[in-house]
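Can you keep this structure in mind? I'll have questions shortly.
Every chain is named by a letter (A, B and C) in the order it is written, and numbering of its residues begins at 1.
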Amino acid sequence: MVDQHCHGVRRDDPPRSGFEQLVAEGGAPAPPGTTHFDTPAGAAIRRWCAPVLGLEPHASAAVYLSRRAELGAAEVNRRLLRGSCVSAFLVDAGPESPGLLGPAEMGRLGGAVADEIVRLEEVERDVAEAGLPAVGYAGALRDELAARAARAAGLKTVAAHRRWPGSDLFRPSRGSVIAAAGRRLADPKARLADPVLARHLLWAAADVARERSLPIQIHCAFSEDAHGDGASGDAAFGDADPARLTGFVRALAPLGVPVVLVHCYPHHRQAAYLASVFPHVYVDAGLAVALTGAGSAHILRELLELVPFHKQMYGSGCHGAAELCYLAALYHRRGLARLLAGRIAEGEWSVSDAARIAHMIGSANARRVYRL
Amino acid sequence: MVDQHCHGVRRDDPPRSGFEQLVAEGGAPAPPGTTHFDTPAGAAIRRWCAPVLGLEPHASAAVYLSRRAELGAAEVNRRLLRGSCVSAFLVDAGPESPGLLGPAEMGRLGGAVADEIVRLEEVERDVAEAGLPAVGYAGALRDELAARAARAAGLKTVAAHRRWPGSDLFRPSRGSVIAAAGRRLADPKARLADPVLARHLLWAAADVARERSLPIQIHCAFSEDAHGDGASGDAAFGDADPARLTGFVRALAPLGVPVVLVHCYPHHRQAAYLASVFPHVYVDAGLAVALTGAGSAHILRELLELVPFHKQMYGSGCHGAAELCYLAALYHRRGLARLLAGRIAEGEWSVSDAARIAHMIGSANARRVYRL
Amino acid sequence: MVDQHCHGVRRDDPPRSGFEQLVAEGGAPAPPGTTHFDTPAGAAIRRWCAPVLGLEPHASAAVYLSRRAELGAAEVNRRLLRGSCVSAFLVDAGPESPGLLGPAEMGRLGGAVADEIVRLEEVERDVAEAGLPAVGYAGALRDELAARAARAAGLKTVAAHRRWPGSDLFRPSRGSVIAAAGRRLADPKARLADPVLARHLLWAAADVARERSLPIQIHCAFSEDAHGDGASGDAAFGDADPARLTGFVRALAPLGVPVVLVHCYPHHRQAAYLASVFPHVYVDAGLAVALTGAGSAHILRELLELVPFHKQMYGSGCHGAAELCYLAALYHRRGLARLLAGRIAEGEWSVSDAARIAHMIGSANARRVYRL
């Protein structure tokens, strides 16, 4: 199985509060008197990850965390990453953090190959902080994108998540980019917020992606607050409906650059529709699978209502906690197996078709699109 | 069980047309040749409420209404409210109406305790109609909110339903409030429509809620037309997606005021997401449970995909007809029981966890948040 | 059963690439190395249509197409249209095309009666191309609409799909129509894009519909690109949420003109809500049933959560391939039968109620609304 979209997990053993925040969206602590273990993901960790650490299913949170500390982060990560039975990880290293495993380490611990996905906003920040004159911004960005892309399996943007560009996501003029770069370079530490530069970054990335035949992942729906980079500081969740990307996706079509819509929940049906209409659009259910745990089968079922079998991929979207990686893989397999068994039992799909569909979604589509 | 969000039911026995309009959204009669009994809620009334009145299941509408008249409204209300097995009602008295039971009567007939939820827009209307000078509007509103809140369990707004304020729901300046109040006081009988005063009302309520540790309920998704106050006269249903409240919810976070998103269908997944990300956000499925009847189990299932177990509450959202109160409680119990039995059968949740989750959702969360 | 909303199917035998594009939304070929048969609709064709052509279930795509060519389009269309067991087709002839069967031929091959649905945008284009002065545009449009409506069962617009008019879909002034007509008539071959004229067309049609007691179908959600008319060239999919039509639907209410929201997926719950609130609003699930195949039962289940039983209709929304017509009818019957059997088994609905509901949805509602 190919996990076409994940992040590094923490290399150390977090305290309870830190662990709880890793397994909940938003990055905030649970209200007083409650715990993030009382969530679908928390229940799933106690049910399915506990046995991987040698505990009974449904072990209490305290017992789980105590056993986790006893084994140590390296052993826990090794068990959970290997247990996910993933043979290739594509890792968005995101904002670099010494506390998170890099792609090579993810591969080594997980017994898998690993490739890097370049986060566009990180490249842009590096360029903005380099102290260039505004007139050199676009060229430096292009060069840096090309250099980073040369050793990567794909590109990824969280721009769509921050604020959907909507239908006016056209390529900005050279003059407007220079003007905007001037403002940007006066405060390079700030998060990229200028809409002209956000559009410019997407189109510069699209050019590089075309040259190198790389896909671009677009983060939809789920917030990145949990990732600690404050990315969604001013975005409304509702802005993240991938349907709002229709105009951008249509404009990208002539370039032939594959676009992978990741996460997407609760707008996964809209993502499936885009994948069914545009030849270059792909989807995964991302972090929604691990976070909804026992409820995830229904989400996969909805995604599969419309998505062509050659357009869906597996991507855990996990970040920080190897538990999420394990759960995503487990529930992907279980949910898909249950759906396929149902389709076979109803006489809808033949056994060989069902096997072929599972293979396409689990690995073949990703191997084709990322040229693994 | 705590019904954390309901309205009064009619104290008299409505004629057939009046009853039909009580049990359908929108308040309009069914088209000629059809009946509102031919709806999921209508079928559920014939199935489940008929036996409470001593009839066979699936009694015809005519038989049902005839038996209802025979027993009389007081006895019907008593049977249905008690039958819902609710031990505490939190009643939004809404626009006062002599035809509806007040909180104390709801409690007495239902064999339960009852507390009041203050409807913000009613307080504002009372203040607007008091004939003050514009400069005294803000102070009088604050005082009246504080006085009403002193004997209430929580506050509630339907402003979001009328027109989502979106991301610009910031606290307005004192000057802009005085100016807007001047215009408002020239036509105090009108529905509050000024966006400055709508925002002011929300923030004034937030201040009072913080002082008294009260939650604020925000009416999402379902229209209030059925409630006869014409509240949704110019609002598009699509404006009611709770995701559009993200900015407001984020701005409220530092105050620590709990926000309860009520109804939410068909945007309950977005509400669940907000509840999972923001420590102060809670949800209920409201009137969607009674109105969808046999289909409601699936809605609860979707809500439970992501919502933390300590963030979901039970609220019938019922209004006018005690049948809706009874059906909401019945389908909440049945839907949750079926989901929990499934989770246990699949080995996902332990029996004790399942019992604990049912208890949290059915009453413990509301008792904690409303300090009952 | 009444198929209240379909299009003509191709009279000739398309080559494989042409057939694949007929059974996929968007009208684009599948990416290299993939096939549109690897979709839910493709799998359903191999499963269910193959036996209609005398093949084993799950026949390969190549075998299916070879057998299709062997039988010839007329025989294939006859078998599939008859097999759908539809007794009346209401056919949107759309942009006329000699390659597609007209209403009369659809009826003859399908062993059914057939009536025409007038596509508003086609009438407008004919008027625009007639070379009138701007001042005569509105009168000519009204006359042409009335003439076409005189021999039709209903009207249909795809305007909403192109760009939702939102809440400002009011009737434009006479002066603004003349001014806009002047610009329009300078380029009559272009697609109607002027918002004033789009609104004028809707209201002119509403007047005619009222005079003749005809319903207006509004195409929601699904793109028409697959129909080859480029209708959705600049529209975002997200614009197609029927909830955005709330204002227009409310404004139409006093005219008493029935509005039928067609397709609607993935916003069918919003459509169901509108149908539950407004006496003149109806819905069908359209093409979503055939395109999602084995997954369609769940969509029908969601639609039936809230929609009054007297407001849902059957409409295949099929276009081009008779397979879609056959699959829509098959899955409608199977999905509804499964849902009804479940409701009966759970004791929710009586057997006679279930039979009555199936009859209302399958034909009685359409016969009443279209006066068949």
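Couple of notes before you dig in:
One rule holds in what follows: a residue touches a chain if its C-beta (ideal position, glycine included) is under 8 Å from a C-beta of that chain, and two chains touch if they have at least 3 such contacts.
Remember, predicted model here, so these are calculated numbers, not experimental data.
Judged by the touch criterion defined above, the protein chains are all mutually in contact, each touching every other. Both subunit A and subunit B derive from one sequence, and where they touch, under half of the residue numbers involved are common to the two copies.
We define each chain's centre as the mean of its Cα atoms; on that basis subunit A and subunit B are separated by 36 Å. Looking at subunit B, no residue sits in touch with two or more other chains. Of all residues in subunit C, those touching subunit A in their complex are 24-26, 28-31, 33-36, 38-40, 43-44, 47, 57-58, 223, 225, 234-238, 265-266, 291-296, 298-299. Of all residues in subunit A, only 166-167, 241, 243-244, 246-247, 269-270, 273-274, 276-280, 301-302, 304-306, 308-310, 343, 346-350, 353, 357, 360, 368 touch subunit C in the complex they form.
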